[in-house]
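Next, two complexes with chain A in common: one pairs it with chain B, the other with chain C.
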Partner chain A sequence: MIGARTIAEATIRDTIIHRIDPRAKILILISTVFVAVALDNPRTMFLLFLIVLSGFALAKMPAIKLKTLAILLILLIWGTIYSQALFYSQLPRTVIFTIISPDFPVLGWLTNGGLFVYEEGLRHGAIQGLRSASILSLGLLMCWTTDSRDMLNGLVGLRVPYSVAFMVVTAVRFLPIIITEVTTVITVQRLRGFNPKKFGSGIIRTTLNILTPTLSNCVRRTGTLAVSVQSRAFRANTERTYLKKLKFSEFDKAVLTICIFAAVSIVVIKLLYNMYTSGIYYTSGLRPVYAIARGYL
Partner chain B sequence: MKNIALLFLVLVLALEPAAAQAQEDFEPEEMTAFIIQAPHGVVENGLAAGDSNLSAYVFFETYHNGNMNVTMEIDVPEGFVLQDTSLHSFSLQTEYEDWYRLIDIYIPEETPPGAYNISASAIVDVNGSKHSIVRKAQIRVASKEEIANEISVSGLVIPSDEDGYGDPRRPSNTLVIRETSPALKKLLKATELQIDREELISTYIGVEVSNKGKSTVSVIVTYDILDIKTGETVKAYKPDLMGMSADAFCNAALKLPPGSSSLASIPLYISDNAMGGDYLLRVNVKLTGSDWTAVKHDQKITSISRKWGPITITFVSILIGLAAVSLFFSRSKEIMDRFKTRNLVLISLFGTVSFAAINLPMTILWELSHAIFGPFSFLFTGLFHEILLYMLIASLVVLIPKPGVVSLFMLVRFLLGGFITGSFTPITFITLSLNAVILELMMYTAGISGKNPDPENRFRMGFVCGIAEMVSGYAGFSVWMVLYRLFYSEWYIIANILISGFLYTFIGAWFGISLGNRLKKVAE
Partner chain C sequence: MRKNKGGTIIEIKDLWYTYPGRSEPTLKGINLKIEEGEFVLLTGPTGCGKSTLLKTLNGIIPHESGGMFSGSIKIAGTETGDSNQMELSRKVGLVFQNPDDQIFSTIVEDEVAFGPENLCFEREEIDKKVGDALQMVGLPGQRLDSTNSLSGGQKQRICIASMLAMLPEILAMDEPVSQMDPAGTRDILKTVSELNRKQNISIFLVEHRLHELAPFADRIVIMESGKIILDQPASKAFDHLEVFHRLGLRVPETVELCHTLGIKASPFSAEETIPLLKTGNFKEKAKTYLTRSIPEEKASSMSCSNSMSCPVENNEALISIRDLWSGYDKSLMVLKGINLEIHRGERVAVMGTNGSGKSTLLLNLAAMLKPYKGSVKVFGEDTKQKTPYSFAGRIGVVFQNPDLMLFCDTAEEEIRFGPLQLRYTDIEERTRTSLEAMSILDLRHDLPQSLSRGQRLRTAVASVLSIDPELILLDEPTTGQDRVNIEQMMDYFKNKGSTLVFCTHDIEIAMLYATRILVMSEGQIIADGKGRDVIKNIDILRKASLTQPPIVEIANYLGIDAFSITELVEVLTCRNPDVII
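For the complex of A and B:
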C-alpha cells in the first residue's frame, strides 16, 4: 500500500517539466488528447508517443515510476492488441488461430460465426494502442510532476468553481487516510475469517463488509469536517484569495502556444480531410492540406 | 368421262399459275431477316484469339404469314471446333416469329493468324418450295500476345462520375462504404421490398481502353474486387441485386476503332456488410463474345467504412457532455448552493472511497485482466467495477437524495482520477458525463431524487442504474470505435452491456440500498 502511495504521489524536483505552470500542463494535456485522437498515421503517432516519453527523461523521473509506467504501457498496449486481434474487421485479414469455431455449438452462433485471432488485428492493435499510450503517459507525467495542491490551484485558475476544487482537495487529502482504513478493515475481516478473494457471492459479502465500516467512518467524519470548514469561512465570501499565485512564465507561454497551435491545426486539417473523404466538403484550394493529412497525419 | 378429264385439265391450268405466283411472291431476302455475328455483338469484322472460345450469334426471323421450315447449317473454317451441332432445324408459323442461337466455337491455338469466314446457310421451305440463304461473318484470328499488345487499359479512375471521369471532390483509389439509412431499411422491411440496385450504387469506375491495332476491336470490360492477400473475390463488393448476379450489371461494352481509346463507366455496388481495408481492383478486358481475358489491370484501392451510427452516438455524447459541463460552469453557484457543506464533504469522501476501492486497484487490475482475459475481462472486472461503483452511488443517493449528487460524485472521481493516475482521457470524460446526465434524468423521472424522493425501492434503483449504465456503456463503445479507431463485434458489445452494464449494475445498486440504509443509521 505504501508502494502504491509512492507511485501515486508526485515526485517534486526542479526540472523544466516540473516548473511548467499547472494550468499550462492541463492545457497541454488537453491539446495532446486532441492530437492523439486526430492522428491516424502510425509514424506520426509513434513520434507523438516518443515526444511524450521524452518528457519523463526531462523530468528525471525515479526508476520506480518509470517501471510503473513501463508496466502500465505494456499492459495497455497488449490489451489493445489482444482485443483488436479478435475483433479486427477490415480486409485483408489472416486467421492465425481459431478460438471459437463457427460450428461450435451455441458459442459459434452466439459469436456470429466464430472467434478468431487475426494477424492484421495484432498490428492494428499495436498502432492504435499508441494513441491511448500517449494520453496515459502524458497524464501520468502531469500527475507525477505536479503537486496536487498546485494542480487544484491550476483548476481554479481555469475557472473551475472553488466548491468543486474544495471537494477534490478534500478527496485528495483523505485519500491516504481512507486507503489506510480500507487496509485496516480488510485485515480485521481476515482476522474474523473472511476471505476477500472468494469469488461469486463472497465478493459482494466481502465488499459490504469492507465498505460499511469505511463509509461509516466517512459519514461520521463528514459532520466534523463540515463544521470545521464552515468555521473557517468556507463559502462565506464570493471572492477568494490564494496564498500561492500562479503565473505563466515565458517558457510556459511558448510551449502552450506551440501545443495549442499544433492541436488546432492538426484537428482542423483532419476535419477538413475527413469532410473531403466523406464527400461533405471539397475545395481545390485545400489540396495541399489534403496531401498533408493523407501523408503525415 | 371426257367432261371429267376436261374439268381436271381446266383446274390444273387454273391452279398452276396461282401456285407459281405464290412461289414467285416469296422473296427470301425480303421476307426474312437472317443475321450471323461472330463473335456475338460484333456487326462487322470480329477479332478472336487462338486457344479461346467465342460465341457466334445466329438470328432468323420471318415476315411471311405462313408456315416455314428452316434447316440451318453452320460452317466453320477447318480446324475450328464447333461445340454444338452444325445442323439446326426449326419451324416458324407466323409473321415476326424468330429463332436464335448462341453457337460456341473453339479456335485452336495452332490456328494460323489471318481472316476466316464463318458461314450460316439456311434452306427455307415455304409450301414445298425451297430457298437458300447464306450469311457470312469474317473474323480475324490473331495470337493472344498480338491482341494483348494491341489492347491496353490506359486509364483507371476510381471513384468516377457517371461518365467515367474522375471527380476531384473525392480522393482517388478510395471507396467510402455508405450505410443504408436505418429508416430506409426499416421501411423496406415493413413493405417487404428489396433494396433497389440504385440505392446500393456506391460509385462508378472509369476505365479507359486503348486499341493500338489496325482493326476495330469490340471488348467487354468487367471488374472484380479481390482480397489483396488471397486474391479471392470479395462478394460484398459485387452483391446479388434483385436476385441476379451483379456481373449482369457491372460491365461495359466498347467498340474500339484502330488507334483509338474509349472510356467506359461501370457501376460499383457495395453492400452494407462490406468491410473497410485494402483491396485489389482487377479490371478485365475480354474480346466481345470470347471467354479469354485479353487484358488484366490491377490497382490497389482503399475502402473506408463510415459507420454513421457510432459517429452520431459519439457526436451526441460529446455534445451532451459539453452541454452538461457548460451548464454546470455557468450555474455553478446556484447548483453548489443547493448543497450543504456536509453534503459536499460526504460526496467528496465517497469519491475518495470509490477511488481508493475501485480506481486505484483497477489501474493495474483492469489492465492486467485485460491482458490475460482480453476482451472478456469485463466478466471479471465488472464484478468489482460495476458492483462496487453502483453500491457507492446507490448508497450515496439514499443518504442525499438530491438532483446533482451523482454528477458531483462523477466529477470528483474524474478529477481525482486525472490528478492521481493521469486518466484525463476523452473516453472517461464522455462516458462519465453521459452517465451522470442519464442517471440524474432517470433518477429524477423515476422519483428516486427530487422533491419527494423515494430512493429505497431496490428494484427501481437497480433498473434505473442498469439502464443508465447500458446507455453510457454503448456510447462508450461507440466512442472507442470512433475516436480510438478500435473494432468491436456487435455480439460482444451486446454481451458487455447486458452482463456488465445491466446485470452487475443492478446487483450493485440493489445492495447499495442496504448499504445506504446502514449508513443512514450512522448519520442519524
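For the complex of A and C:
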C-alpha cells in the first residue's frame, strides 16, 4: 500500500522543478511532445532524453520513484528496439543476425522467409524508444512534482472544465488504493485454492474474478465520494472560487518561452526540410536551415 | 449540561421513500422532530433505513437520487424539496463512515476549502473559514499537512472540518467512529460533543456502537424496517431494554448490569454506576437473571475466555515467530522483533492502535508479506519459501472489507468456490453447512454484492468456512457490524474449536471470545496473556489507547475479581449489600 501510494502520488519538495507553475508544466509537456514527434536524429533525441532525465535529479526524486522510472524506461525502450529490429520493413535493410533461417523446416515457411535482426531496425527502434521515453519521463516528472491541488488548478487555468479536471485528479488519487485492493483480491482467491491464469482460456475467468470485487468496491466508494462532494455543494454553481491563486514567476515565463520557441522552431524547420526532400518547396536562401535539419534534427 | 435550545431545526412528516428499481419502500412514514442544539443518536439493525434517512436531510434524496419520495422534510423551516443543493449544503453537513472514501485532496487545507470554494466565497473568507474549522476540530497545526500522514481519527476530524467550513446548523454523521481505533473514537466524540455544546450545532448521528455514544446523546431513536419504533430521551431509552435485545443492539454494560440487578437506572459509566449499587438487595432479581437470562453456552464462553484454565486442545504450535521484522519499506519497519507462538485451538485477539502492526502481523501469518528479518513458521513451514497459494485450504483470511472477497454470481457459488478449486469431495455438504452456520441459506441464490453489509460479511466468512481451514485470520471483523452478526460469527468459531487470530479494537468482544489477548504498540507486543491478566494492567492498556470495560472498573473499585456482567452479578448477589461500597 505504502509503496503503491509513494509511486502514484507527488513527492512535494522545494526544488526548482517543483516551483514551476503547473500550467507551465503542462504547456512544456505539450511542447516536448511536438519536439519528440518532429525529431529523427538519434543524437538530438538522446540529448532531449538526457535533458528530461536531468529534471529528475533537479527535483530530488526518491529512490523508489527512480527505480519505477528505470523499470518503465527499460521495458519501453527494450520493447521498442526489439520489435523494430525484428519487424523493420523499410528498404534498404542490413541483416546483422539471423534468428530463424529461411531454410529452417516449418518455421522458415511460417515466418515467411525467416526472422532477422536488422541494423536499420535497431536504429529506428532506438529513435522510437527514445521518443516515447522522453514523453513518458516528462509526464511522470510533471505528475510526481505537482500536488493534486496544483494540477487541478493548472488544468482549470488552461480552460479544462472543472468537473473534468476534478475527475482526472481524483482518479489518480484513488489509483494506489485500487492497486492494493487488486493485490488483496488475488491473494484472497489464492488462499481459496484459485490459481490465477496469465495465459490461455483461464484468463477470462481470472479477469472476471479480479474485476468483480474490485469494481463493486470502487462503485461503493465512488457512491460515498459522490454524496460527500455533493453535500459540499460540488457543481452547485456554474462558477467557483479558489483558495490558492496560481501565479507565473519570471522563471516560469522564461522557461516556457524557451520551450515554446524551441518547439515551434523545430517543427517549422522540420516541415520546411520535409517539403524540400519531398520536392514540394525549395529555396536556396533556406540552405542553412536545411543543413541544421539534416545534421541535427 | 445542555446548551441553549431554540426551535425545531429538523421536522420530518410522514416521509416515504423508495429507491429507483425497488418495489419495497426503504423509509415508511417517518415522523421526527429535532430541536436546535440537540444530539440525537439514531440506531437500528443494518439495512433498516438509517443512512437513507440521513441522505434525505440535505436533499441528496430525492434531488440527486431519483426514486419515489413523499412527505415533508423541513430544515430550519425550509422544505428540502423546494430548496436547492447549495442552500441545503450550508445547513446540513454530512460525514460518513470511512474518511478514506471522503477525502480526495492530498493537503488538509484543500479538503477543508472545497465546500467554501464551491459556495463561491472570497479567497480571504475561505482562508478564515478553513482556519476556524480546523480550530474547531482541534487540528489548527495540521493545515498544510498531507492528508495521508494523518491518523484515522484525525482524518475523520478533517471530514468534520470540511463540513464545518460551510457553517452548517446540523451535522449528520453516518457511523463516523465505526472504523476508528479507541484513540480515534475518543478524538471524534470529544470533537462532536464540543461542537454540540459550544457551537450549538445539532448532531444527528447514526451508529451501532451505542455503548460508546449513548453518554453523549440527548435522545436515542431506533429504526426497524424503515420505521421509527422508539424515540426516547437517552436516560429513558434503556427502560425498553427488550427492544434493544430483540434487535441485537449493543447495550452499555453498566445499563445491562443495573437492569440485571433490578436497579431502575441507566448509568453510562462506572462512576455513575457505583453509587447505584448501594441501593439495596438485588439478590432475587439477579438470581433470575443468572438462571434464565444468560444462555448457558454464553456464560460458559465468558468464564472460559476469562479463565486461566481455558483449555487449548493440545500443545502443538501452529505458528512460531522468531525475531520478526517486517514492513512495506525497508527504511520503515512496522513489526520490530516479534516473538510469538500460537497453538492449535487458541483464539488470539490482537489489539492496539491503528498503525501498531496488527494487520501487518496477520499478513505475515498468511505469507502475504515476507519477513525482512527473522522467521515466521506456519504449520512448521517457513513462509519465506512459500506463497499464499502454498497455504491454500489450510489458512483462511477474512478481511475487514468483505467486498474484496466476493466475486461469484450467487452466495452459494461463492461458498462452493473454495472446495471446488481445492477438489474436495463433499462439496455439497460443506456448502450447506457453511450457509446454515452463517444463517444465509435463504440468501443462497442472491448476488453477494447486493446483500447488506452484515450479510456480505457472513457470506465472506462462509466462503472461508467451507474450506475448513486449520487457521483462520480475521482482520477487524467487527467493524460496522451489528452485535448479532459479530456474535453469530464468533460463536461459530468458538464452538468449532477453530484456531483463530483476529484483530479488533473491541475489548469487550476480545474478552468474550479470545483465549488470549496480544496488545501491540509501535510494532512490538507489549502484553500477551489471558484476557483477565491483560485487562488488569492499566498502564499497558493506556499505552495501546485502550480502556478497561466499565464492568472491570466497577469490579476493581469494589475489590472484586470479576470480568463480565455474569461474574460481577454472581459475586454481588453473594455479598451483603451493606458491605459492597
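The rule is simple: the second predicted complex is superposed on the first by the 257 of 297 C-alpha atoms of A that agree within 3 Å, B and C clash if a C-alpha of one lies under 4 Å from a C-alpha of the other, contacts with A are read in each partner's own complex, and residues count from 1 in each chain.
Going forward, contacts are C-beta pairs under 8 Å (C-beta built on N, C-alpha and C of every residue); 3 or more make two chains touch, one makes a residue touch a chain.
All of these numbers come straight from a predicted model, not from anything done at the bench.
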Problem - Clash or fit (per the criteria above) of chain B with chain C on chain A - result: fit
Exercise for the section: Could you tell me if A:R240 is touching chain B, chain C, both of them or neither one (first, second, both, neither)? Expected result: second
Exercise for the section: Report, please, how wide the angle is at the C-alpha centre of chain A between chain B and chain C, in steps of 10 degrees. Expected result: 150
Exercise for the section: Give one of first, second, both or neither to describe whether A:R221 is in contact with chain B, with chain C, with both, or with none. Expected result: both
Exercise for the section: Using the superposition on chain A described above, determine whether A:I178 touches chain B (first), chain C (second), both, or neither. Expected result: first
Problem - chain B or chain C, by number of chain A residues touched - result: B
Exercise for the section: Please work out whether A:G279 is in contact with chain B alone, chain C alone, both, or neither, and reply first, second, both or neither. Expected result: first
Exercise for the section: Please indicate which partner A:L208 is in contact with in the superposed arrangement: first for chain B, second for chain C, both, or neither. Expected result: both
Exercise for the section: Tell me which partner A:S231 touches in the superposition: chain B (first), chain C (second), both or neither. Expected result: second
Practice task
In the overlay, answer first, second, both or neither for which of chain B and chain C A:L107 touches.
Solution key: neither
Practice task
Look at A:L58 in the shared chain and tell me whether it touches chain B only, chain C only, both, or neither; answer first, second, both or neither.
Solution key: neither
Problem - Partner chain in contact with A:A70 - chain B first, chain C second, else both or neither - result: neither
Completion exercise
When the two complexes are superposed, chain B comes to within a least CA distance of chain C, in Å, of 5
Fill in the blank from the handout: Interface residues of chain A shared by chain B and chain C, listed 148, 170, 174, 208, 210, 212, 214, 216, 220-221, 225, 229-230, 234-235
Problem - Contact footprint of chain C on chain A as seen in their complex - result: 1-3, 5-6, 9-10, 12, 64, 147-149, 169-170, 173-174, 177, 181, 184-185, 187-195, 208-210, 212-214, 216-217, 220-221, 224-225, 227-237, 239-245
Handout entry: chain B contact footprint on chain A (complex, rising order)
Key = 4, 8, 26, 29-30, 33, 37, 40, 71-72, 74-76, 78-80, 82-84, 86-94, 110-112, 121, 124, 128, 131-132, 135-144, 148, 151-152, 155, 159-161, 163-164, 166-168, 170-172, 174-175, 178-179, 182, 203-204, 207-208, 210-212, 214-216, 218-223, 225-226, 229-230, 234-235, 238, 276-279, 282, 284, 290, 294
Completion exercise
Given the complex, residues on chain B that touch chain A span 168-171, 174, 176, 227-230, 234, 275-279, 303-306, 329, 332-333, 336-337, 340-342, 344-353, 355-357, 360, 363-364, 367-368, 370-371, 374-375, 377, 383-384, 387-388, 391-392, 395, 399, 408, 411-412, 415-416, 418-426, 483-492, 507, 511, 514-515, 518-519, 522-523
Handout entry: Of chain C, residues touching chain A in the complex
Key = 55, 58, 60, 64, 84-86, 89-90, 92-94, 96-98, 100-102, 104-107, 109-110, 113-123, 126-127, 130, 146, 148, 159, 162-163, 166, 328-329, 332, 366, 368, 387-389, 391-393, 395-397, 399, 401, 403-408, 417-418, 421-422, 449, 463-464, 467
